[in-house]
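Everything on this sheet refers to the single structure shown next.
First chain written, first letter: the chains are A, B, C and D, and each begins at residue 1.
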């Protein structure tokens, strides 16, 4: 395998699909969001992407099987006439710039030419400081002014972020734009955490509204609660002896 | 040389061969196992793989000659009607993800299309902790449920390992699976040691049973004994002054 | 996108253009110089270069939009019969040697074959020591003795520098020379600073004379002044308690 | 420039040439040796190799000119009927394994197919320990037993070295062997020094005998003397206060 390839099941027909992408990244926000959608709506896997630009590893499955690291496409059929949804998630991202360009260009080409897709959401995390974020905002950057206008009133903040979006979350909407497809990158505000369910929930609420999906966030609420509890315990532990209840804790990595 | 190449001797005819692969890796388990098979059964070299993805080095031979780093194929003829064995070993593995994909895809293509091979064993080490392992188990991950079932009663543990198999040990069985060839990765449990003969012996016993080979492990037994002696001396040395005989030693890297 | 590409607007006609290149580098001298030219002469963007050898990132725009990292070409029309100017600048340079060769070879091919260009200026910084430079000189290396002779009396020093020119500033004039196009690398002397407006001004004065451009350096003068003020404050601060006014400060990274 | 290229002057006719290669490496032995041959025999440059696998840099010349990093071929004509000599030297070696394979395969292909070459010498340094070597030996590894036999009595030691030969010194003779051309790697014994004229002289004496060249090593003798003087001064300096004259000094990096 010398090039990135996508293997697709036969017979899948989708109606002008919308792509929602969540791959490993900051605060695991993207992955939490799309895994939530995938499970909640029983999305069906229909295509797999393999690449020599992924790490050279094979995952051990708990049933004793194996799985070459990959990215997978799932679909969620919507009612007739509506845009179907396609979810893209996976174990890894490409490890080099050249690999990132090849893989992400391949995804957009597949989405446009094979799936006849119409819009791309990429989901990520955005971390301004290493402080715990209690009420995460959702930041966004989009491919056009038209898209920015469409998200007015969607509880999404444009132009508040600085710097660069690395990896698939950025390249996919940049390549979409080059291919005349609109898209947006939604970034849940996150801070201290490697896995941030509160940031994921904030993004899901935006998606829920824009995609017309009823999303049950109960399991995220439980994760948020247990994360908060864990942080509280940390705060009271001997590692932070001088912090007292009622004081606003500051976490420093 | 811009691509990986395999040079094969003319006139080699093999009967539906089974591949056994042991390359440099954790605890040198794979290399110990296949070097043992190679010597014990006087395997004959019949093909060599060179790759620009290997380190750019040439080995100095003790007779004053040279040897470009490579991987080599050897065969062990079995009695008529049985699967012949092919052994793959070598000095190195490819150094980049792209190189690993190219080299391992090439090996499976060669094994399937040229040698008409039927099954792939890859041998590695698996290290759960940095503690010395006195009775190493053999862990495994396989390409299908059928294979897992075939190894019932073979003193092999499925589903007890976590994480990823890196390099050829993983990619070869993943690419075999993609090419409709079954395979298994056998991992000898290892801990502290760079070269672990006990883990190698455990894997050899499994192979011996499954391949119907009588394997003399006397030389490994000697290595195990001398390794144990060396560890005992270390334990009593001034580097670990507080550990006493009878106490369970703990080794920390 | 697997190769470097250049997208050009239709209908742009240039007269035997001269290229002036300033990309990120030492003291940001190149970028300061060409951004100054670009703004002062209201240069018009007419072509964009994208490359898989650039970092895999997308810039967040302050209006909520996005921009794939790139290099851009701008033109400045000169009076009829004169050489037009083409400016090349951008966010980034290629990250690997192979990438640098591909991108810079592509630029020279485009400049020669599509734009029918005639001469290449690359602008960089040159740092001999980590000391603050109050009166920066302009060093240069050129593609031929003819060019060196043409710069006699231009307040440019040849043969005073040692070592290598890394990246586009060097490769572009080397590839130009291979394509029978002359060129020069102008290096503003710089020391301590990440962004050195005095070095940039020194180069601009040379360019102004050679290109027959009236360049207003007022904004650079302001930057130089505020930089000097900042350095003075640093000098008097507690970080350098023993240095006194009137003494020549020495800064050490 | 996406591939390694060799540009050759027209009209050069060589008689079954022998290649002598000295590129940057351990103790600069290879480079010292071939630069010595080049100057002493007024070798003429006739071909240049450029590669995107070299570092992306351009050398500043002391006359204000530039030079893209490269490897160059020079010839030394011998009396009619004898093998002509071709010298290969340069600023750099390729920076990645893939680059090393591409560049060195290209060199052997050019030497065999274009120059009709017959034998390859590569020159390097071999360092067993970080101690100063007063009477350097010459170690060697060769492509065949025939070559080893030809060097009997040439004051060259086979089979005394261990490990790997990295880079061009190793790959060139390995690729020569694959192309049915014989060759040898001569390694001057070196220790502490970045530039070791004594190791270079030892190799030159071997070459002188084997190639039938009268080589004047006066300038190397001067370098050896001044290096010895410098080492003596170091030894007596305050950095090594306890070492006394007459004692054997030990240098530790």
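Here is the rule we use: a residue touches a chain if its C-beta (ideal position, glycine included) is under 8 Å from a C-beta of that chain, and two chains touch if they have at least 3 such contacts.
Computed from a predicted model, the values in this text were never measured in an experiment.
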Shortest chain-hopping distance from chain A out to chain D: 2
Same vs different contact residues, chain B with chain D, by half of numbers used: different
Angle, in degrees to the nearest 5, of the Cα rotation that carries chain A onto chain C: 90
Centre-of-Cα separation between chain B and chain A, whole angstrom: 38
Centroid distance [mean C-alpha coordinates] between chain C and chain B, Å: 54
Multi-chain contact residues (two or more partners), chain D: none
All pairs of touching chains, each written as two labels joined by a dash: A-B, A-C, B-D, C-D
Touch list for chain B against partner chain D, complex: 1-2, 52-69, 95, 99
For the chain C and chain D complex, residues of the former touching the latter: 94, 97-98, 100-102, 105, 140-145, 148, 158-159, 161-167, 170-171, 173-175, 177-178, 185
